[in-house]
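Down below is the structure, laid out as structure tokens.
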């Protein structure tokens, strides 16, 4: 009995400290790799040994928390910065990845601040696995307006995040969810610079399909860009396959592309492959074509830590079909979550 | 008994982790709102929809802790950055709000580093409530040297914080406290750029009154600014009223202003109103007059989370009495502490 | 029994929160002092009152953690930024002090990212105590290429850290440890900009000796710098003495220097003294000579908090033996770890 009283006393002491902490969780992901990359104009590019941060998925550091307000209502917040674990770079643009405060409940979730657009969620389906959301992604080449600094004629890729954004996410209706986001124009009228997006998604058992749309306006430069994505994935157990179709328009310039991928878990191993292709034309005349292929394998040392090896190969052609740029990289690394 | 032993064992495990954490507390405040603002030259200003950070009170993220050194002596530290929850901006100027280490004890408190000047504490009394310390404050207009970018002829507002500062805060003597702060000149002599301030405050039951003085020197530009504030508040229970008088001098330029406010708590609701006025003259000739009025209402979802709506209206005149600048904003938002 | 059940219940509640935190530890060091410094060209330098950050040891804020992967293997990470507690400066260059992820085990440790070079560890031995690793160090003057902004003819001091670095640290073999680090060239060939370093160290009881070597290449400016250090310390109990010899070469320019130090703990007190000397010649012709002397005393208020006073005096001569620069400072401060 004495011991339990001591326990209680010790508990009281701790709980003060622990409680003070309980509303905030510090978390992060560090992804560092060593490898070689060759990127630039075709024929002129030279390969280089390098350390990279975020090859598999962006290195980050964040703070987040939830407060139960009763009646199913919760206050939420999240602050997250990109990290360059290779150089220590952080907070260069503050909490550039996540900076939101909001409420969740039976009605869904409302978030205010900087975060992903609703459109960005659907792109995530087709890129298949955690392997495909960063530098290593073949889509980085296929949809890139330049490969290794050599400009090509695609519609610029979409903005995955927006500041000054209000975002609503619906609850789950028998597998269906929807989301809408609007990043406010904060220039004086008539200049507009806003980002509007929505998504519709259906998830049930092994199936995950979604449709996304995003519109970006900039009235001064008179540019309006529209992005449409239809993507899906099916998990067969031994293998998960995914595919997505993407269309981007800006005036008379139009880009059409797709991405396909598969990943196979085998015990602690996970093997992945992905391919992305994109073709653009201006008023019916070809302007650019680019494609990327990537392979990856990860080995889990624990739920939070894995080592990996990856290979990426891609190139870009001009409208005449001549290869103008190339990018090739291989690397091995470690990714740790905390 | 077995259970209590298990408890102890579990406790031992936890306490290692908890103890490692116990000296630091991560905390913050996220204040995001949606609204409309019209600010600029009178007649020419256009209104704009926007998301704001820190309308009620500045969004922030910090780390702080206390170590008990025995005999009533404690070591303290605090690091705090301004956050722009709308864009994720943070650490742009490092821990710009608080960056101090110090000691507290029976003698009071001594803090070294960057923090508020002793003068700034007294301004806090007259601005009445948590509603009035940020963008939303009518004093932001009344004491502003420009409203919406249109310069007017006031003495520039005081520096609320100083780097390289040593600050002393006395213990409480029967309701009386005093404080003094000195921000060092860190330029080679004879250039001086220092900030000296003190305050005297009396708090007893519903009454809170204070006097503050601050002097800012810059020998190169040959400017010396002096600020004096007398402020007080009385809490009647149903309503808390506050008022402050402010005088600023720079050579022949002199500004005189006041601020009055009231806030009424009603269950989870809190209604606030504030008005601020400032008038300047140079060698007896009027140079500027400006004023601001603000209303606010907050609804507490919990101790840590509240939603709010706010309205602000202000303008500035030149010496001839012609309105030259205006600012009007209304917004609704959420503020979450963690 | 009831109480122990309550303890268990409370424990369960806490452990969720505490566990969520257990993988990350937030830590730091804040070192602030007030003093006077006179630094610049001899005869022309003027003394100035100032607040300093990191006089004894650099102020910092960090996040670190360890994950047990089983079989003796652990994943580790550390992120650490320099703080300027006097001004709040932080994250100016991100996590400039530490930004690593790695693995430790029976084989030693492997770290990827930004951290100290293997050479830097040996310099730490000869600088004797915690007193000697920052602004206060006499080596700051002796090895400085300029004292108070007046350039002198030494080989520039070594880079204590490198980005894009892979570092290996051996396990302890009967007192012996070794380390090697390589900071990758990340410019396109043939430009090289890499940092290679190793160390060998023997620690046994009161003895600590080490050898370190570092090579820095920059092919564009055609500079290659080599640094060699031999250092050791012996703890007699009442006093710990340390000494180090340092050689630096860059083309025909060669610098040779040494540092000696002692520190005496007496209860909560610790008295320190250090002296450093450096002399350079270019193709046999003297170019520069500089030296620094420092005294310090610390008083521990606790394991984590100490107050201190320090004095430093140094100067630099040109090749003709004329004193060209001087630096003198004294200060008193507080250092707090959390």
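Chains here go by letter, A, B and C, matching the order in which they are written, and residues are numbered from 1 within each.
Going forward, a residue touches a chain if its C-beta (ideal position, glycine included) is under 8 Å from a C-beta of that chain, and two chains touch if they have at least 3 such contacts.
Chains and their UniProt names: A, B, C = Porin.
Keep in mind that what you see is a predicted model, and the values were worked out from it rather than measured.
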Listing by label each chain that touches chain A and chain C gives B
Between chain A and chain B, two copies of one chain sequence, what rotation angle (nearest 5 degrees) aligns their Cα atoms?
120
Taking shared residue numbers divided by all residue numbers at the interface, is the value for chain B and chain C over half (same) or under half (different)?
different
CA centre of chain B versus CA centre of chain C: separation in Å?
38
Which parts of chain A, given as residue numbers and ranges, touch two or more other chains?
1, 3-4, 7, 11, 14, 18, 21, 26, 91
For the chain A and chain C complex, residues of the former touching the latter
1, 3-5, 7-8, 11, 14-15, 18-19, 21-22, 25-28, 30-34, 46, 48-51, 53, 61, 83-92, 301-302, 304-305, 333-334, 336, 338
Contacts from chain B onto chain C in the complex sit at residues 1, 3-4, 6-7, 10-11, 14, 17-18, 20-21, 23-24, 26, 63, 65, 67, 69-70, 73, 75, 77, 79, 81, 91, 93-103, 112-114, 163-166, 184-189
